[in-house]
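Listed below are the structures to be examined.
Okay, so subunit A shows up in both of these, paired with subunit B first and subunit C after.
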Partner chain A sequence: MQILITGILLGGVYAIVAMGLSLQYGVARIMNLASGEMLVAGAFAAFWVVMAHSFSPYVALLWVVPGAFVFNWLIYRYLLLPLVRRAKSRGQLEVDSILVTFGLSFALVGIFLMVFGGSFFNYSYLSRPVEFMGSRYGLNRVVAFWIAVAICAALWYWIHYTRSGMAIRAVSVDPVSAGLVAIDVPRMSTFAFALGGAVAASGGVLLSTFLTFDASVGIVFTMKALIIVIMGGVGDMRGAIVAALVLGMTETVVARLVDPGLTLASAYLLFVLVLLFRPQGLFGRSTT
Partner chain B sequence: MKTENSTCQTVQPLVPLCLRHAILGMVAGTLALSLTLGSALAQSSDPIRVGAVAPKTGALAGGAAVTFWPNIALWEQEVNADGGLLMEDGTRRPVQIIEYDDRTDPSETIRSVQRLANNDNADFIIAPYGTGLALAAAPIFDRLGYPMINVSAITDQVDTMTSRYDGVFFTLGETTPLAQGIAEQMVELRDAGEVGNRVAMVNVADAFGIELAQAAGVIFEQNGFDVVYNRSYPPTIQDVSPVMSSVIDANPDVFVAFSYPPDTFALTEAAQIQDLQVDAFYTAVATPFPSYRERFGDSINGVFGVGGVNPDSERFIEYEQAHIEVAGQGPDYWASAVTYASLEVLAQAIEGVGAPDRDAVTEYIKNNPFDTVMGEWVFEDQRINNYWTVGQWQDGKFHGIRATGDLEGAVEPIRKEGW
Partner chain C sequence: MTRKEVIYAVLVLAAFAVLAFIPSLPNSAAVLSLVIPITMYTVLATSWALFSGPTHYISLATAAFYGVGAYMMAPALEVMPYWMVLPIAALSGALLAALVGAMTLRLSGVYFVIFTLGLAEMVRQVITWYQNNFAGTRGNYVFVDINDAQIYWQLLALALLVYLVGWLINRSRLGFAIRIIGNDELVARHSGINTARAKILLFMVSGAFAAVVGAVMTPRFVYIEPAMAFNPEVSFLVVIMALLGGVHRLWGPLVGAIPFALTWEVIASNFPAQTVLLMGIAFLLVVYYIPSGVAGIMEKVYFRARQQRREVSHG
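And now, the complex of A and B:
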């Protein structure tokens, strides 16, 4: 039971880390390698709010979300849209966007270093235990998990039950046909990319409440997000959430019952197995 | 910091690589320029050029930002405030620091050292930060003829390295004695009836953690300890609570973690949240960081950690003040002061020789005592044999409690009373 809960807590956090990339890659077709850096930006914002104003780090969400949204909007509009227009095929766009966002990730790390310096950052927030069924869990992790659930649920509702959400799904399935039914594809893509950035940054706020981070830790989360998005099936939010929970659970079970040294190996083993037996991802449609 | 223009003009498939390098070069170049320009302008025409290669990004950047870079800045400022280093002919030459980011990548460390020697004509190069990076760079220091005074390089290969390379020095200690330090401390405390017999050990799965865990495990078992849990975890672990649950299930009396900064914080927090009750709690790197105290406050009273200093010595207090003024943060209570001491050695050796003559400086280091923030240093077989192995947080300060040699200021360990 304790393993189950710990695994779900970890999976919930992974879900929000991956959700941002899922929107950006699934809808806007941008394999954003700077996704982890957006997350770190959110973490720094939360750190700053706590240190300078001694507010709750979640106060940072109030301006991290709009800030990251606008920033990512601008990135897509001025950095990536020219690439989208120029790209002759989806493959070319992927290569181009990987290069640009890879460069962007270095630029962002450089900016973090200049502004905050390179040392480790963490702060103590809700670092107390909660008892549940005889085991103790960190309150900060539990709170982060529920906020992640709330954000995921809101996204889910929006994508599946609103008109603009349906447009997003349409673009994700087929951008060309979506254009034929009067969906403004560039606009929806920009929106999805900006929203993805905002989600990633809010994930950073959540993570900062219990993880020690530094300016260059982003790549770790980009990799995790990448694994989850591909495992879940590109462009499928449901898949990303399930994959995140499976990953969190696997890592916890292995750490607890086998050997904590094998958590990383188990994560990649899972990834390889999914690629071998379901290359389109858990919920992905096979490409024709 | 490398642009590698030659590759950029070659065949088509390399274009992506070029873009990456160009962006990297731009970012890094601007960074380096802004870092060195300020000091370069202020100084007279003929400075002694000192290269520094260490992570500003990558896995070890956080540690380097605490332990390495602030000391370089402090040393540069202190030396130049005196007008520079005194030369044979009575003139003073300021030092000019040239910084490179190796991105925690050994091949990049080696390239940067080569670049410092060949392109920047550095007179001296400060030893890189981090065991793996420093050991990777030792052969190139030797081949290019630069003395290398290592600090953050903890290994059991000191004998091999010093016999093979004439100008390589070690100052912070060797793996086995550091592991022995904590293990023997526990043996002593157990024999005095202070701690129980059951040990849980965890370690980060990289060279540092594995070497220390192996060395400590042997000593624990030889001394009749019951090792009830002994596992490693990967360096990028995101949740240590399953590890802590397993530790608690094993019901240990002593908890020993050969950990790195992020997991040192995570393990301590998990121990507090999940309420690990032990007689002795030990974590490794970052335990002596001031940020550890800021994060956990009084709850860490009695926590054991790797290394130590004598925080009450006059020299250390003076150094701590200067460090806070220059860096805006305090030094850590272990490798920071040793890093600064290694720079003092370099400065005193250059002044002793009276010229930036690398071979003569190497010889001088081998044959002379040095007056440093860590006390008097004499290199024996190219290494310092007196160093702190175990320290403990006591009333807001991290005191050295055990050393390999006879170091001044060791205090008695105190008992840990819950969290």
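And now, the complex of A and C:
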């Protein structure tokens, strides 16, 4: 029981990391291999706020979110949009964007290494236990989970109940037809990409309150987010949330019962199962 | 073989024969420390391009294959002689590639990229876990008496082998099938090509080469541990060199690997703190400004010159 709840707490935070990537891949059609680095940037920002000013790390959200939004907007506008225009086919765009974001991820890791060095970082925040149904949980994890839930709920409301959210869904379903009904597709894609980056960075702030991180850990989170998005089905928010909870629980089970060093291996195990049995996603219909 | 091909073959063999004398140069230690990485990356990048060039499936897993080959050397040496380890390394690389391929290459290319992205890290985790819990040590000593010159000769032989295999594949049914798949996978499937099988086979060849390179390089280090063997920079450098050289020609990665490896030596010794950042920037520059590689540019220049000559002679 304790393992399950810890897993759900972790999965909640994973859910928003994956949601950020899902916006970038599902709407803007960019498979962003640098998404984990955006998360690490958020974690470093939170670390800096705590260490230099001894504020709560969540203060960092106030400028991490707009900062990451602007940064990702610039990336899409000046690095990726030229590729979208240059690409002759969807496949060509896929290859180019994978290569560019892969290069970008290394460039960002290089910047982190230069600024912060290669050591491990963590800080202590709200690390006192709370009691729930006879077991103890770290307060920092519980707080991170509820903030993640709030962010998820806000995104959900925006995508499903507002006019601009509907436009985003339309672009995600079919960019060409969306253009025909007077949706500015490039602008919407840019917005979705920027928002996705901001969401991923805020996930980094949440994770940094209870996990140790270093400059090159981003790729692990990129992997996990990609696995969640694939498992949930591309563009399927509900699927992504369920998949994130499943991943959080699997990881916690493996970490507690087998070895804490095997978290990525357990994510791979899930990935393999999905590839073998449900490559279209948990709730996806098979498209033959 | 046509007459042209015979001439090429003789030229290539002659070049390799000349290169084999590098260790007997005066001051060869310094030269070897430069040509070993160049040869190594040439083999890795060429074998990477064998698969990723025609299919456009970007493999980010070279480090995983390299690491498997490198890491099995130490335990394997305790039970068998050195020369037997190399074919076993090739087999393990091919086996790993077959597993990855069987799971992802039947589906779309995105799954393949994702799977290869974290593969090195995942294998490293599993090996570390195994060693911590069952073997009691992390890392191994490699005791084998092989000097730099012998490593260089082995790498040179591998380079020759990779060119031979690449040339043979190009003129085989498999190579033809792969080129069709790369142009249009749907067409390939409809003309009766077993696309998954063709892709998996080629990926196995590519993985086997990377694993053998890893095994050959290991005796340079006395002590090897998982973090050294599964270094993600290897995957990254291989992709960047292959792209810089051009992946649509067998000799393309060579013209990328030589200048890049040389520049890299300079960068790594002068700006050790900024290597990762510079690597990322170099990568972006290649993707934006040299999309078809140096080989593509050379061919364009060559064809334009030939066309002009023809126009002059006809005019």
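Methods note: the second predicted complex is superposed on the first by the 269 of 288 C-alpha atoms of A that agree within 3 Å, B and C clash if a C-alpha of one lies under 4 Å from a C-alpha of the other, contacts with A are read in each partner's own complex, and residues count from 1 in each chain.
Everything that follows uses one rule, which is that a contact is a pair of C-beta atoms (placed from the backbone, for glycine too) under 8 Å apart; a residue touches a chain by one contact, two chains touch by 3 or more.
Note that the coordinates shown come from a computational prediction; the quantities given were computed from them, not determined experimentally.
Three-chain overlay on subunit A, with subunit B and subunit C in a clash. Using the contact criterion defined above for the overlaid structures, shared-chain residue A:10 touches subunit B, although it does not reach subunit C. When both complexes are overlaid on chain A, the residue A:66 reaches neither subunit B nor subunit C. By the touch criterion defined above, A:114 reaches both subunit B and subunit C. Legend: residue contacts after superposition of the two complexes on their common chain; A:123 is shown touching subunit B, with no touch to subunit C. In the superposed model, A:261 makes contact with both subunit B and subunit C.
Of the two partner chains placed by the overlay, only subunit C lies in contact with A:31; subunit B stays clear of it. Subunit B runs into subunit C after superposition on chain A, and of the options 59-67, 185-193, 203-211 or 221-229 the stretch responsible is 221-229. Counting contacts as defined above, subunit A residues 95, 99, 102-103, 106-107, 109-110, 113-114, 216, 220, 259, 261, 263-264 meet subunit B in one complex and subunit C in the other. Contact residues on subunit A toward subunit C in their complex (touch as defined above): 31, 33, 79, 82, 91, 94-96, 98-100, 102-111, 113-114, 216, 219-220, 222-223, 226-227, 230, 259, 261-265, 267-268, 271-272, 275-276, 279. Residue ranges of subunit B in contact with subunit A, taken from their complex: 16, 19-20, 23-24, 27-28, 30-31, 55-59, 61-66, 69, 202, 205, 231-234, 236-243, 245-246, 261-262, 265-266, 269-270, 272-275, 286, 289, 291, 295-296, 329. Subunit C makes touch with subunit A in their complex at residues 56, 58, 60, 103-104, 107, 109-111, 113-115, 117-118, 121-122, 125-126, 128-129, 132-133, 232, 236, 239-240, 243, 273-281, 283-284, 287-288, 291. Those residues of subunit A lying in contact with subunit B across their complex are 2-3, 6, 9-10, 13, 95, 99, 102-103, 106-107, 109-110, 113-114, 117-120, 122-124, 127-129, 135-139, 141, 210-216, 220, 224, 251-252, 255-256, 259-261, 263-264.
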